[in-house]
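Here's the structure we're looking at; comments come further down.
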Amino acid sequence: MSVAIILGSKSDLPVAKMAVEVLRELGIAYSVHIASAHRTPHLLAELAGKSPAEVFIGIAGLSAALPGAIASHTTRPVIGVPVSGKVNLDAILSIVQMPPGIPVAAVGLDGGANAAMLAAEILALRDPALGERLLQRRRAMHERVVADGKELKDI
Amino acid sequence: MSVAIILGSKSDLPVAKMAVEVLRELGIAYSVHIASAHRTPHLLAELAGKSPAEVFIGIAGLSAALPGAIASHTTRPVIGVPVSGKVNLDAILSIVQMPPGIPVAAVGLDGGANAAMLAAEILALRDPALGERLLQRRRAMHERVVADGKELKDI
Amino acid sequence: MSVAIILGSKSDLPVAKMAVEVLRELGIAYSVHIASAHRTPHLLAELAGKSPAEVFIGIAGLSAALPGAIASHTTRPVIGVPVSGKVNLDAILSIVQMPPGIPVAAVGLDGGANAAMLAAEILALRDPALGERLLQRRRAMHERVVADGKELKDI
Amino acid sequence: MSVAIILGSKSDLPVAKMAVEVLRELGIAYSVHIASAHRTPHLLAELAGKSPAEVFIGIAGLSAALPGAIASHTTRPVIGVPVSGKVNLDAILSIVQMPPGIPVAAVGLDGGANAAMLAAEILALRDPALGERLLQRRRAMHERVVADGKELKDI
Amino acid sequence: MSVAIILGSKSDLPVAKMAVEVLRELGIAYSVHIASAHRTPHLLAELAGKSPAEVFIGIAGLSAALPGAIASHTTRPVIGVPVSGKVNLDAILSIVQMPPGIPVAAVGLDGGANAAMLAAEILALRDPALGERLLQRRRAMHERVVADGKELKDI
Amino acid sequence: MSVAIILGSKSDLPVAKMAVEVLRELGIAYSVHIASAHRTPHLLAELAGKSPAEVFIGIAGLSAALPGAIASHTTRPVIGVPVSGKVNLDAILSIVQMPPGIPVAAVGLDGGANAAMLAAEILALRDPALGERLLQRRRAMHERVVADGKELKDI
Amino acid sequence: MSVAIILGSKSDLPVAKMAVEVLRELGIAYSVHIASAHRTPHLLAELAGKSPAEVFIGIAGLSAALPGAIASHTTRPVIGVPVSGKVNLDAILSIVQMPPGIPVAAVGLDGGANAAMLAAEILALRDPALGERLLQRRRAMHERVVADGKELKDI
Amino acid sequence: MSVAIILGSKSDLPVAKMAVEVLRELGIAYSVHIASAHRTPHLLAELAGKSPAEVFIGIAGLSAALPGAIASHTTRPVIGVPVSGKVNLDAILSIVQMPPGIPVAAVGLDGGANAAMLAAEILALRDPALGERLLQRRRAMHERVVADGKELKDI
């Protein structure tokens, strides 16, 4: 059970690292690849078509065709992460507005961490122990908010 | 194994029906609910917190808080469908731009069918027969495109 | 008579401080809380449902569901402050475009000070002395503009 | 205790009627006026400066300066309603993005009903009976959502 | 010497017909194909990689990955035509904002005719007779504007 | 014959200075004022209503009501300059999208210099010597472009 | 003393008619021309360079280069009117965002009437009788608003 | 066989340099000019009308009329490059949304390199050796992506 993270280019690495951090923390196996929808379409087709990964995370900016291109080669869930730049609406809309029949699960701008969380939620449907770790993480988040709130009052 | 479709209001029914049609075709159990993030927050909390569904689809327009609100009550995958209106960027951005920690999988405007496809892809990770039906559907789409192309040449 | 300021996360504190400054200056009691619509929905529900505050100020960025979530738990006036980020239209539209039945009073991007002014205007309907302080503040603003204009001419 | 509804032009009447309907239902006194920020600034100044109304609702489209102009002449709460047209972001941003010091409470596009609800919430701080009617209205909305949901299941 | 017009789906046919009309008028050979970047990536790869066409026109709406996908399989000029829908900025930005290294020549929304004109301008660099026809067409346009102007004065 | 430059606030001074520089260079009399549409509406009304200036330049950001407010008090030409900020479309649309009957002449974001040029063009209709200076300025611009082009070739 | 109205194409005639109506009502001489910045640049250059008109009104949609092109050939005031279409921000921004040195006075989308009003305000600086007619028109507008308001109360 | 690069102003030089770099690398002759659509329309008309260049690249920001103005004077292919600024949608839409009959090939924001690549693809239709260099460049890009991916795994 693993997640394949595919970056459109080396410059998307900071967003990929946010995803990696969450996957590591949750004990989920992953692999990281660079494959451009536009510069290396065959490499991407092979990667998306043959990878044993259960879930894909595609990270790209500008006219972010990468997540959709992954989805065109697999019927496994594909999560798309728009990367911020000078326009931002370009990457967001390129990933969200997929045509009927080939879904992509878009998360927010530079949302590497949320992409990993979503992948974990999907995998947890088959892995109760992972589901439990997700619940713990959610509770920890809750407690952090409560702690932040208390700290505020102490000031 | 089932999908819970939650509509923000009765007016979102046409988009929900697109999702229902795909789920029926793929033989996936589903339930349809109306629960507003803003008008019935406790009902939504109960629905999202106690539903046995593996995957949620939240459908809403305007400031579409519904999918995020579902996600706040569950660690199961939540798919958000923005519904078109007078602005459109409102619903799209409200669903995509979730804060870190609570992911939502956004699909395109009025993308009920893609939401159902994505739910099916997620469930197929546990159900090889469903995975096979998804592949068949993908092949059928492929053939329809080819047929459309031939028809074009005959004209 | 008091105002409850609720932040979606600790990072929204600078905008909250603008609100606090104005409330202090006007002698209005207030409390500051952190409660996320997405990470701590029950905490928020409790806060919004049980707070003795007459007016709420919700401060959040991205898909800013917080003010709407507060409004879903109270029939007291809720003021929403969108916090700036990489997109900005996301927070503005998420707060302004509320569905019928659950109003939120949106102020401008990073508009913590205006949110506090609006809260004061609401509370002043019951408190003539506060109304008088608001008029004085308005006059002072007027005089500052006049002074700025004079300074300009001296240059 | 009353609400003054000010329209920028006769063409904004449909949105004003949504506000009137809610105010009538809640038993709140109101008056309706036409006064343009641009075509009749002195009329507007007089109206905003001398009206005995506790709350103002300004309704306007395009470069919707009306709510801000009302607010410039009063320290009572002013609610702004952007009216839809060919651009929509013009009216929304003109009303939301007020400069520091002169707050306007923006509601959503064509949000006449929500403007009236917000006015009612403000007035209810002084009128417990009105507050009770607001709670009943909220409960009725809740029940309508539940009824809509049941109807859905019967289909 | 020919142009290959590729549509993302049958629904893009009206825009393709504008292109066909111009190419016929200018006596340029063409072929029309349906091949979706997302539903039939291998078909598209084959079409783009093996077509003898000198210039490609890719026509698509929503997250319009089609022109970029064609460009990923050829070093011949690819012209992209965004097709109008509910958002419009999605198709425009998806086609214009290509990453460095894989250019696409974007024309305007529903700009089938301009795509064909641009293809003709490119081919005319090798075909002086076609260049002459383009100049005639330009002159005819000029005369039509002049005639329209005269007609106006007669009214 | 003079131009009145009105700033919404002291922070708009850098844009006003661009206008002043051009007016000085062209030998046009001018005055600079600070008067906010929202904070000092009566001051603005007096300024706009009684100023002997032939042309007004209104400079403002955010919901930039200032130029329209000037125009509401005079039938002399009013030029509006949107000032850049976090959103930009707010100021541009607030100034451009004036309702029928009260025109404002919008120039580009931070376009203080162009506002002054436009004012000069208007005044030159009565002042042939100024018209001549404008032509000289235009020719000088032309020569600068030519010189820049030559410099480019020398590199 | 006259105004030259230039349309980018015959399809812009409805917006031109709004301008014509106002100019006629105010007794201002005018001429109407069709000349495209893109299809007939030399015709436009001649028209803009040699016209005896004191003020130009350029009306165009899409990438609305027409008003700027007129301005490039004259130092007389040029008013630009964006014409509505599928995107709208294209025409508005193309007309407003002129580079430094060549000003255009942009009015609102489809703002033919406001363009004519602005032209009249400019010409009235030399023609006190026209100035008086403008004041009368302003008063008439004022009275119509007051009458509309009364009518409202009678209902 | 050559490419003429035309800049709207000296400030667009950094984007032009990206184009020059690619053209040099591919051994394509080029010339660089400064000619503003607005400040030097006759210079631009002469340049575009008389240049022996086969392909034009027009680089401009704001209301970027330059590429369209070049296209109005030639029937050779014109590539337009929007230059980034405070709004960005202004330059993108001004270049993409050309009216029917006068095509411009828009590339992405600051896309100097892609403009040069596109020009090379056009010229390669007549020059098989250049076509071969383009294929090599494409392969090199492919290898760089593969190398980047390997480097990633080594980390």
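For reference, chains read A, B, C, D, E, F, G and H in written order, and residue numbers begin at 1 within each chain.
Everything below uses one rule, namely that a contact is a pair of C-beta atoms (placed from the backbone, for glycine too) under 8 Å apart; a residue touches a chain by one contact, two chains touch by 3 or more.
Keep in mind that this is a model prediction, so the values were computed, not measured.
The chains in contact with chain C as well as with chain D are B, F.
With each centre defined as the average position of its C-alpha atoms, the distance from chain C to chain F rounds to 34 Å.
The distance from the centre of chain C to the centre of chain E, with each centre set as the mean of the Cα atoms, comes to 51 Å. Multi-chain contact residues of chain G (touching two or more other chains): 9, 36, 39, 62-63, 87, 89, 92-93, 96-99, 101-102, 108-109, 138, 141. Which chains touch which is summed up as A-B, A-C, A-E, A-H, B-C, B-D, B-E, C-D, C-F, D-F, D-G, E-G, E-H, F-G, F-H, G-H.
Here chain C touches chain B in the complex through residues 8-9, 36-39, 41-42, 45, 61-63, 65, 68-69, 71-73, 87, 89-90, 93-99, 101-102, going by the rule given at the top.
Against chain H, in their complex, chain F makes its touches with residues 84, 88-89, 92, 108-110, 138, 141-142, 145-146, 148-149, 152-153. Contact residues of chain D toward chain G in the complex are 7, 9-10, 13, 32-36, 39-40, 43, 62-63, 86-87. The part of chain H that touches chain E in the complex is made up of residues 54-55, 75-77, 79, 92-93, 96-109, 111, 113-115, 117-118, 121-126, 131, 134-135, 138, 141.
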